[in-house]
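Both complexes shown next keep subunit A, but they swap its partner, so subunit B is in the first and subunit C is in the second.
On to the complex of A and B.
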């Protein structure tokens, strides 16, 4: 049985709750968990001012209630799990290195920024900057996976170096901007300027993105490696056209303003 | 022990500890996968001369293959784990990567692994791409028909090599019929291979030779043409052909099962005895007693 945090008071302003993390709950009693500090706006208060705490502190946390005003949940997390029954605020899973965060609702901007490992699953939509680097950072996501069953907004995977971001719905603009390596899958529509400035890495799209002039057409072929990813994503709850595993893709190389070692693969049909 | 008219000699097969791996080769069609599998298992009958022993284990349907395409699984054995790795790099590089549409995956899970894709990737001349999914790395090596996909690591486990049965027939025809029947039955079994041509070897060997440069030489005790001159002959006067089936397996149980199935299938008219090859028990780590394989017949 998990440790259950039940929201009893909705915060008026964003609540910085980076203490909600299995690493920071480790070895604490329920009373001690409720006394952990959080910032309500610019005022330090206790977690218990907003949440009832019950259950077993066994490395698994279940959060009940609308916590879309809570920031930094699961930041620096290295093990265990956090299951969120509703929607969640910004910076969820920032720099996490292990464990799993499951969000039944939507996630706000900056989901899994500079993530090192572990897994985030969003059953709804996510905002801007999924798996990205913070402004000024040269490296974003460096491992792990972020799976979004809905849509995402702009700059998904900005400066990501390693790992997997998969979006079952649509993506906004600048997907994979300045990407260093790693994998981004989008099964809906792409916004504009996909892969701008990418050095290496793979952006895979079910639909034809608007290609930048600095990308060059390579060939049309069947990438065998994609079958591993597609079957993995189907197992993870994605609904994917089964013909994709047997279908052909166009390969475009870019971005030639950078290393030109990146690729955009888009599905062209059976 | 006698089953029908065939005597099961009270002896044992002397088998050895080896290291083995399973390689899964997939391709656009079963025919291309099989072409690569036949190529990688060529010249791999005996570690004595080929540095490894390899064979085709079974065909794999598209539904159960790693990438949804038809495949073939191959087992390869050598005397140590490093040797397995070296042979895999050589053979996958020359026989699988070269074969159109193929991909190559490790088909075992064990504690030990050897770096194969991580070495073959250099063929990509810097254009190779690494992918890491679920803590498993594989490589995409650009080739002229697209990409060759190969696992970075191939798992290797302790295995058993040199399980064997000897089929002693009154005629060559009878021995061939019995050997064919045994091979057909044994090839239905998982986790084993029969590394010799069509599963059968006629040039069984003994340890050593009168020539110093040879570590093995003809097994004169079982050569019908030497019955009257070899002091070690094991052949009765009415035995005119001996064929051996060698079995390598991923574990002892698989080898024993294959030997049992092979013996039962080889009991046919014209087969006077079924025996096994050994070196007196002083070399191999395993002694597989024929009579213990067939307890119900005793």
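On to the complex of A and C.
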């Protein structure tokens, strides 16, 4: 049994709801949860003005209704789970360090920025800046995993340093821009300038991306480690060409304007 | 409407009033003489024993313009660590080293400041600076236009154009950018950096234009004098932060041959090369030169130990400093081929020899320069420290035992080489009133500010005298802006917008002919769009233009 938040009034303007987080709900009664402050535009109101609260407060939260106007859900969370039945707004799971967020619908921009650990699963699409660093930050995602079964937009994994971002669909431009380390998997098409300014890390793609001139061809091989990753992703619900686990990949090094220790791997067929 | 501030201890150096108990009357935003006895007084504040000074004026603080915005953009950690919630009156904001505009205005007012001057407004960036200043509430604003490394001026100088034409260009620039004065940053050095020079001393030549900083300096000072700009040329000299630059600074003082000059953040220009570490204090020599040359005024640019961000037009020396960036990120950029900009976050550490000595050098300068009318209290916000540390700085100046306590906590070697411990001087409240009120107003030509005489604008700060001067100066009892109560017990009670001080010096409009040709050939915007109009400051209903007379 989880704590169920049911939307009864749709907010007119975005609602800053960083209080929807197992850490902030801990030890509170249902009445107290309804009293938690949220910002409706620039006015402070109570969570109960928008949500009915029921169930058990056991660290698991289930949100029902269209909450695409809710920002900062699960920010800084360190344990438990949040299950969202529809779509969710921006900054979901910002700087989270543990626990799990499962989104049945779509996620907006800034999904899991500067995340430290934990897991985010999106069954639909996600927006720009998935697992990235805030503007001006030199380090973005530092751990954990973000799995998106649909598509994502631009700058996925910007300045990421550790962790896994996997996208079953397509990605926009600048995937892995300035990334320091970590793994990004994209099983659809990628936009332009993939891996621009990357220092280390791996970007793995099922299709051949448009390569920047600062990337150079290294070799063709069958990376063993990918088998483990791919079987894990299949377990997590990804639909992946089964031949890929045994297939050959082309390896390109870059970005030579930086350290040149990053790699882009793409599948070349059997 | 009459307001009476009854029986406070008044510190008004312009009129030589040193802590005498007096009544002050305010009518319609101005200080006025005592009205006749049958006049109705609408509001009386009983200030028995409280300290009354004019509203403080910050002569050099980076509160607007491109570089501050870059600093804001570059430092999300600065924002996250210092969030300010909205209240019924004030809006939300964030940031300590580079606070958002609204927060800047609120914090200044809560410390008793009623006017702030942005020292580095690039004319091509003037619109942005004025927009940001319009968004800085509570205080009056103004800005100095930056010249000296711009292509048009350097071309004029290298082709030996008439001084009169150069003065016209300077006058045109002040009018076009709605400025309050002229600042020169590392004369010619920002331009030299782009031609791969990595240092430029007073008599070295810019390799492209073949002119030296000395020529640039003298030409601009003459222009400022000819145009009758009240504030002397605001000089950020050569060799900022370079050990041994004390010689350059002394040469600069000699170079101006008795003409008026304001040397800014002089602490960064007072370094010698003695000792094992080849870094020592030149404060004594600089202070002696300032004491001997009444034509020179300075502000200090004191550093205080903490995380801050340095933002300067001096791209040459910011580039040299980028190795010490903390956190490790920095920006050096060119702006329209007319100047540069460098933003480098920095953490001053009390256990670091160089930083500790810098701290001591700043304080030595404050204490060794005898005339408080010619030395102003600044930290070169945010370069030395955020402006919110002014009360702490005032305590360091007014309280010798506190100063010595602090001295004993810094790097031992630095403390040993400094003469700070042997200086007994303590600033009095009267001297603080001079250096933070009367003197900046006089230097800027603000005749109706910085004093409490009849006819002055009623910008007034009231403090309760306390032994801990830091506490005293950080929470004024009352602050009045244009006669309205805006702060009570260190908290804002009314939000006002303040005006923008500008100058409109006379110049020969004929200069626009050659400027038009230059703009058509080289600039990214047309001459007509480059110029700002008063309306742009006023039009959204918040701003107000206050035109100050030229001499």
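As a working rule, the second predicted complex is superposed on the first by the 270 of 270 C-alpha atoms of A that agree within 3 Å, B and C clash if a C-alpha of one lies under 4 Å from a C-alpha of the other, contacts with A are read in each partner's own complex, and residues count from 1 in each chain.
What we mean here is this: a residue touches a chain if its C-beta (ideal position, glycine included) is under 8 Å from a C-beta of that chain, and two chains touch if they have at least 3 such contacts.
Just so we're clear, the structure is a prediction, and the values are computed from it rather than from any experiment.
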Subunit B and subunit C placed together on subunit A: clash or fit? fit
- Once the structures are superposed on A, label A:222 by its partner contacts, choosing first (subunit B), second (subunit C), both or neither. first
**Prompt:** What is the contact status of A:136 with respect to subunit B (first) and subunit C (second): first, second, both, or neither?
**Reply:** second
Counting residues of subunit A touched by each of subunit B and subunit C, the higher count belongs to B
Message = Tell me the contact category for A:79 with respect to subunit B and subunit C: first, second, both or neither.
response = neither
Once aligned on A, the angle formed at the Cα centre of subunit A by those of subunit B and subunit C, in degrees rounded to the nearest 10, is 120
Point to revise | Partner chain in contact with A:162 - subunit B first, subunit C second, else both or neither | key: first
*asked:* One more residue to check, A:238. First (subunit B), second (subunit C), both or neither?
replied: neither
Answer with first, second, both or neither: which of subunit B and subunit C does A:42 touch in the superposed model?
second
After superposing the two complexes, the shortest C-alpha distance between subunit B and subunit C, in Å, is 24
After superposition on chain A, the subunit A residues reached by both subunit B and subunit C are none
Subunit C contacts subunit A in the complex at 73-77, 86, 92, 327-329
Per the touch rule, the subunit B residues reaching subunit A in their complex are 26, 66-69, 103, 129, 131-134, 138, 140, 146-147, 149
Subunit C partner, complex, touching residues on subunit A are 42, 134-138
Subunit A contacts subunit B in the complex at 162, 164, 183, 200, 202, 219, 221-225, 227-229, 231-232, 245-246
